[in-house]
Amino acid sequence: MTRTLGYRLFQALLVALTVGVLTFIMVRALPGDMAYRIAAGRYGYDMVNTDAANAVRTELGLDRGGAAALGQWFWDLVRFDLGVSVVSGEPVIDEVRHQLGHTVELALAAVLMSLLIGPPLGILAGLRPGGAIDRGLLLVSSTLRALPHFVVGLLLIIVLATGMGILPAAGHGEPQNLILPALTLALGLAAVSSRVARDAMAGVVSSPYYAFGRTKGLSEAQVFLRHGLRNVSVPIVTYLGVQFIYLIEGVVVVETLFAWPGIGHALVHAIFARDVPVIQGTALVMGLMFVLLNALVDLACYLIDPRRQTA
Amino acid sequence: MTTIAVNSSSSVLEQKRISVGRFIGFTILAFIVLFAFLTPLVWPVDPTKQSLRNVLAGPSWSEPLGYDHLGRSMLARLAAALRLSLGLAFLSVLTAAVPGVLLGILAAWKGGIVDRALSILGDVSLALPGLLLVLMLTAIAPDSPWALYVGISLVLWIEYFRLTRATTRTLITSPAVQASRLLGFGPAYIVRRHLWPEISPMILTVGAFGAATAIMAIAALGFVSVGVRPPTPELGLMMTELLPYYEEAPHALLQPIVVVFLLVLSLNLIAGRKAR
Amino acid sequence: MLRTVSALTLGLMLGIGHAHAAAGDDVLDIVAPFEINGTDPSTAGDLFLKMGVAETLVGADEAGKPIPALAASWELSDDGKVWRFKLRSNAIFHDGTPLTAEAVVAALTVARGKPGILNKAPIETIAADGNDVVIRLSEPFAPLLAFLAQNTTAILALAAYDDKGRVTQVIGTGPFRISLLQAPQKMTVERFDGYWGEKPSIRAASYLAVGRGETRALMAESGDADYVFNLDPASRTRLSRSSKVSVLSVSIPRSILLKVNAGDPLLKDARARQALSLAVDREGIAAAILRYPAAANQLFPPSVASWHNANVPPLTYDPAKAKALLADLGWKPGSDGVLAKDGQRFALTLVTYPDRPELPLVAAVLQEQLKEVGVAITINSTNSSEIPAKHQDGTLQMGLAARNFALVPDPIGTMLQDYPPQGGDWGSMNWSNAEFDQAIKDLSNISDTAQGQPLRDKAVSILQSELPVIPIAWYQQTAAVSKKLENVRLDPFERNFGIASMRWAQ
Amino acid sequence: MTALLVADGVCVFARERIVEPASLSLHPGRPFTILGETGSGKSLLAQAIMGTLPTGLRAEGSVTIAGQRLSLASGQAHRSLWGRVISVLPQEPWLALDPTMRAREQVAEGYGFVQGLSEADATRRAQDDLANLGLARAGGMLPSQLSGGMAQRVAFAAARAGGARIVIADEPTKGLDVARRDDVIALLMREVAEGGGLLTITHDLELARRMGGDLAVMLNGVIIEQGAAETVLGNPQHAYTRRLIEADPAHWPDGQPRPATGKPVLTAEGLGKARGGQRLFSGQNLAVHPGEIIGVTGPSGCGKSTFGDILLGLLPPDEGKVQRAEGQPAIKLQKLYQDPPSAFPQRITLRRAILDLVKRHQLDAARIEPLLERLRLAPELLDRLPTEVSGGELQRFALLRVLLLDPVFLFADEPTSRLDLITQQETIELLVELARERNCAVLIVSHDTELIRKVSDRQIRFGADRPESPSGDQRMPEDALA
C-alpha cells in the first residue's frame, strides 16, 4: 500500500511538472498576440483594442522571457501560490477553489448516481449471462456509449426539462440543478461500469469458488453476499479509476452545456482568453484530482480486498 | 474427450457471439465508409454551397436528405463530415498504433532502463487527462485538423504501448519464444511469428475502440467550439449548428446524431466486448 | 457509508418533485452570455450597471441623450473646457457612506488609469470642489457626457478600492446591492433600501452567465430563467411560439460590418470595395441568418436617428454590376473561377470570431456570395482580439465584426476611436479622407445635436461611397421574458437590464 | 449394509449422449473410485450425480442419496442436499476457495449458514477442524497464502462443515506434487474410516490403487470395468485397463543402463544457483557423454529445471561454468518443454512452424515425412494449430522439431507430466529410442522417480528437504508457505 501511494505521489509530481512545462509551452505557442488575447478575455469583444492590449502588456510584464516566467511559476508553486488570473485579477487559488467545489459536487453526484445505476444492473445481468436483462442492458449500454455526452445531456434537457418541466434545464445554485448534469455524466459512466460489473459477475458466477459455495450448502443469496459481492466489487472499484479520466473529460463538456460554474468550464474559458495562470492552475488541479481519486481507488481496493492487505 | 468437447463448445458459442457482433459492426462500418466515399462520386455537390432559399428544407427527390440552416446539402455535408471524422480517426489510430506497438515491444524486450524510461513516459501521458491535452493543442492551431490529430494520437498511443508491452513481456519469457531462440531464430522471427499474431487482433480491438474515442472527441471538441471551424462540415459541429433548429427541422439535427451513433456503435461492435 | 450515499441520492431524487420552484420564487432569474470578469468596473462594469448595482455620473435615455444620474445637473464653461457636475445629495453607497465628490473623483481617477474610455478623453484634471466634481479639459470635447455614462466609469465607494486602486469589493450606489458574487458566472443582488431614487418592485435578482446560446434558450423554454438575454435567431423563432415567454426585440446601434484593409493592393481602389459591397445579398443574409429585416443599406440603422442619413443612396445587391466593376479594374476570371490579374488571384482572408454565433455563419454566406463574383475568401474564425491585433501589425485583409456604436451612448465616441485618420482597431484601416476627418474632428466639439447634423450627414455619405467598412446588417437585441414579468423594456444601448422598473404580474 | 448413495442408469446428454448409462453404489466406510483419462466422462458422471452439470448438458437416470430418490431428468432437486448430505471436494481447491476470504471464515460458513450455529460457535468449530488437519495457524490466511496441500485441506474442511457425510472428491491430486499425494490419500481415508462415503474421480492409477474399495474404470463415456479395486487392478479384464496398468512406470521393463563413452559433449563444473535468496544447489559437476540418458529427480522447486536451463545456457549460473564440446554450435543443444502447447507459436500451423525451421537452417524438407512416420504422426496434423492437437501428439511434434536439427544434447523438462499414462509411455519410449538411435544425450527431468529409474543410464537427485509447495499451477506463489 505504501508503495502504491508512493507511486501516486510520484505521479502527482509528474503532473505538476508536465502541467507546468506543457501548458506553458503551449500557451506561449498559441497563435496571436497574448496581450490582445488577454485584453479580449478581460474587456470583451466590444472593448478590446490596441490600447487595452498595450496596457495589459505593461501591467503583466508579458515582454519578460519565457524561462523566467516558467521558473517563477514553479517557485510560486512550491509556496502554494498559483498566481493571479490575468483576466479577473483574482488569485487563481481562490478561483480554482471556488470552481473545484462545484466540480467535485457534480463529479461526486455523478459517480454516486452511476454506482447506483451501473453496477446493480450489471450484477443482475451477470448473474444470468445471456438472459433478458443481460441482452437488454447490452443494448442500452451500447446505445449510450455510442452517443456523445452532449447529445445525452440535450436529450435529457429536452425530455425532462423543457418537455416535462420537472427539472431545471441548466443553471446552478439549487440542489435540483445538480440532477441533470450529474445524470448526464452518470449515464455515460454507468453504461460502461454496468458492463464491467456484468463481466465481473459472470466471471464470478462461473468461478469454481462460486460453485463450491453452492455445494457447501449455501443458499443463492448467501453465496452472492459472501462470495459474489466482494469479488465483483474489486474490479468495479478498480475500474472507477479508469473512469475518472472519462469523468474529468466529461465535466468539460457537461459544464459548458449546463452552465455549471466548475473547473472544466473555467479551463475552456481560460484557454480562449489565454489566462496562463488559470490554465496552469486548473490543469494542475484537474491532474492532481485525477491522481488523488486514483489514490482513493487504491485505498478502497485495499479496504475491500484483503489480498492487498497481506501482499 | 467429453469434458473438452463441452468446454470448447461453450467457448465456440462465446466466440460466435463476438464474431456475429463483429460482423454486424463491419457491415455497418462498410456502409458508412461507402456512403462517405461514394457520395461525392455519384452526387457531386459542394458541401459548402449555400442556397438560402432552401434553408432547412426537408428531404426531397432532388435532395434526399434535405438542407441545413444555410441551405447546404445535408447529403454532401454528411458525407464530407464522415470523410473528415473517419480520415482523422484512422490517421490518429495509425499514428498512435505504430509507435505505441514498437515502443511497447522495445520496452518489454530491452527491459531495464529503456523499459523504465518508456513506462515513465507513459505514466506522464496518463497523468494528464487526454482531453486537456487535445484542448490545448487545438487552441494552438484552431481551424486545422492537425492539432486534433496530434492531440488524439498522443492520447491513444499509451493504450497500444501498455498492451503491447504487457503481451510482449509475457510472451518473451514464454517457453515458445525460448524454444524458438534455441532453434536458432532471431528477433525478426519472434516478432513475426510469436508477437505479431498475438498483438494484431489486439490492435484491431484497441484500434476500433480508439477510432470510436477519436470520433467522439472530435465531435465533443466541435461542440465546445474548439475543434474544426465552420464552414468545414464536421459531425459535432453540425450538431451544434443544427441544434437551435431542433424543433423546426428535427430531421436535420438527427442526421449527424444518427451517423455518429452508427459509426461509434459499429466500431464498438468491432472492438468486441472486452474493449470499453 | 452506503446508507449515507443512498439517503443523499434518494433525497436528490425526491427533490425533483417540488424542485421547480427555482423560477417560481420571487427572485428574478436573469441569464445572459456575458461573464463576470472580476470586480473592477473596467472589466465587469457593464454587468454592475446592467444589474443596477453601480451607477455612472451621467445616464442616457432611450435615444442616447445624456440625462442626470449620480450627477443631478452639470454646466459647461463658455470655452467648453471646464465641466462642473453637481452631485445628488441623497445618494448613498451600499455601505451606508454618502456619495461625496471625493469618492467620485477617486473612482474616476482610478478609471482613467485603466484601459477603458476615460483615458481617451482630453482630460487635464478631475477635482472635487465642495460637493461638485470639476473636470478640466485641454480642449473642448463634447462627447465627455457620453463618456461619463459609460460603464467603465461607474462610481464605487472609497472603501471599494485598495491602495493600489484595485477593487476589492463592489460598493455601488444602485437600487440593488450584491449579495453574492461568484465570478465569472454568478451574481445575486437584493434591493437596496437606501437607494436615492424610486424603490424597485423586484426584491432580489440573480444573474447567471451562460455562454451557449442553445442552453440559454432551453433555460427560457423550461422556465429556469425569467429573463434571457441575447437569443440566437433559431431559438428566437422557436421561443416566439412558446406560451410561457414573450420575445422582445429592439433595434440597437450595433452593426455587422466588413472591415476592409484599404491599404491592401486588392482593396486599395474604392471601386473594388464597392464591387464587394454589390456582391453581398444583404436581404438574403438577414432573412436566412438573422431572421429579421435587418439588411444594412448604410452603416447606422434608422433607430440611431442622428447618424442615419436617409438621403444617401442605399447599398444594393447587384452581382452583375459587381462583376463589371471588377472587370473594369482589370480582373479576369481564372481557370478556377477566381478572378486574376497579372498572375495574382483575388483571394482574401477574412477574420471573424465566434463570440457572436451569427458571425461565422454570416462569414460563410459572404464566402459563398463573393465566390459568385470570383472572389475567393478564406475564413479564419478565431479570437476577437485577432482583429485589432492584425490591424496593428497590418496583416489584416478583411474582418467581419459586430461593432457596437454605443460604447458610450453617443456614437461619436465610437466614431472617434474607430475612424481616426489612417484608421482604428475596429473601423477603417489605412483609409483617410480629409473631409471626413475634419467632420469628425469638428463633431467632437459640438454638443448640440441639430448643430452637428450636417457634419454627420456628410461623414455618413463619405463612408457610404468610399466604403472603408462595408455594412452588412443591423442588429436587433432580443430577449425572452417570462410572461409573469411586467414592464420589461430592452435598452437599445445595452446599458441596463431594467430590473428596477420591472415587476411581477399580479 | 445400506448404500449411502446409489446411482442408477445415470447418463449425460449434450446434443447426443456423451456418458452412457452408469450405475454404482457407494457404501459407508468403503471408498469408490472412478478412474479414467482426461475426457473419459468421469467428471461429468460425478457432476450428474451431484447435480452440478454445467448449463447445456442434461442428465437422465436417478440417484438415491440417504434414502431420498432423485430423478435426474427433472433437475434442481439436489440443492437441499448440498452441504448437508453430500458435498464436493473440488479439483484444484486453491481455485475453489474464495480468494478474498480468510480460510477460517470459509470453513465456518458451513457451520454458521448450513448448520445454523451462532457466529462464535461456527468460528470455533472451524478453527477446531483446521487444527485437526494441522492447519491451526492457517485460519487467518487467504487462499493465496496457502500452499496447494494446505488449500486442499482447507477445502476439505469447508466441504465437510455443513455436515455432509458423502464427499465427492474430483481429481484430488490434480496439480499436486507427488509427495503431497500421500497426504491427500491419508486425509480422504480418514474420512472413510469415520464411516463417511467417498466418491473419488481420478486419472491417477496410484491413487486408485491406494484408495482401495470399489473401482470403476471409464473410457469414452462408458464404464468398462467395475468391481473391488484389488480385483480390477490385480486381474484386469478389459484390454484398456490392462494397457493402463502396463503404462504405469512401475510396470515398465527395466532399462539397460549404458556406460558413458566418448568425449563429453557438455561439461559443467561447480555450478551453483540461488533463487529468492535461497540456495538451490551448488558445486554441481556434470559431464554429458554422447547418447547417454541422465535422469534428474527431486521435489518441485528444488532447482532441477533451473539446472537444465543453465546447461543449455538459458540461465546464467551464479557460480561455476558450462562448456560445450569444441566446434559444437549452440543449436545442437535443444529442449523439450513440460507443457507442449506453450512451446509452440500459438497462432501458426505446425507445418508453418516446421517449414520456418527448415528454411532458417536450410534443412532438407524431405526428412520431415519419414520422421512423422517414425513418430506415428499423421501428416494431416501438420495443418492444425498447436492447440488443435492432443498433448501427446504435440510433444512428439516438439521432438520432431528438435530432431531435425540433429541435436547432441536434449534437455527434456518434465516432458510427460501433463500427459495421460498411456501417452506418457509412448512418448518416453519414442524419446529414448530416437535419442539412442541418433546418439543424442538426454537430460530428463521428472518428479516421478520410478520413471527416471526405468529410463536413465544414471541419475541425479536434487535437494529432498524443500518445503511443500504446489507444483504446476502458476497461480500459486512458489514459496507461499508461512
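Each chain gets a letter, A, B, C and D, in the order it is written, and its residues are counted from 1.
We adopt the following convention: a residue touches a chain if its C-beta (ideal position, glycine included) is under 8 Å from a C-beta of that chain, and two chains touch if they have at least 3 such contacts.
Note that the structure is a prediction, hence the values are computed from the model and not measured.
Considering every other chain in turn, the ones in contact with both subunit A and subunit D prove to be B. Among the inter-chain contacts, the highest number of C-beta pairs connects A-C. Put simply, the chain nearest the middle, going by average C-alpha positions, is A.
Between subunit A and subunit C, the centres computed from C-alpha atoms are 37 Å apart.
Subunit A and subunit B have CA centres that are 22 Å apart. Subunit B and subunit C have Cα centroids lying 44 Å from one another. Among all residues of subunit A, those that touch two or more other chains are 31, 154, 158, 256-257, 272.
Chain contacts: subunit C has residues 214, 382 touching two or more partner chains. Touching of two or more other chains is recorded for residues 142, 243 of subunit B.
Screening every pair of chains for touch gives A-B, A-C, A-D, B-C, B-D.
Only residues 120, 123-124, 127-133, 135-137, 139-142, 212, 216, 219-220, 223-224, 226, 236, 239, 243, 246, 257, 260-265, 268-269, 273, 276 of subunit B touch subunit A when the two sit together in their complex.
Remark: subunit D residues 50, 52, 79, 82-84, 87-88, 90-92, 95-102, 109-110, 113-114, 141-142, 144-145, 155, 158-159, 161-162, 164 touch subunit A in the complex. Contacts from subunit A toward subunit D in the complex involve residues 207-209, 211-219, 222, 226-227, 230-231, 234, 304-307, 310. Those residues of subunit A lying in contact with subunit C across their complex are 31-33, 36-37, 39-53, 55-56, 85, 87-90, 95, 98, 109, 112-113, 115-116, 154, 157-158, 161-162, 165-179, 256-259, 261, 265-266, 269, 272. Residues 213-214, 217, 232-235, 237-238, 281, 284-285, 287-289, 354, 360-361, 363-365, 367-368, 379-382 of subunit C touch subunit B in their complex.
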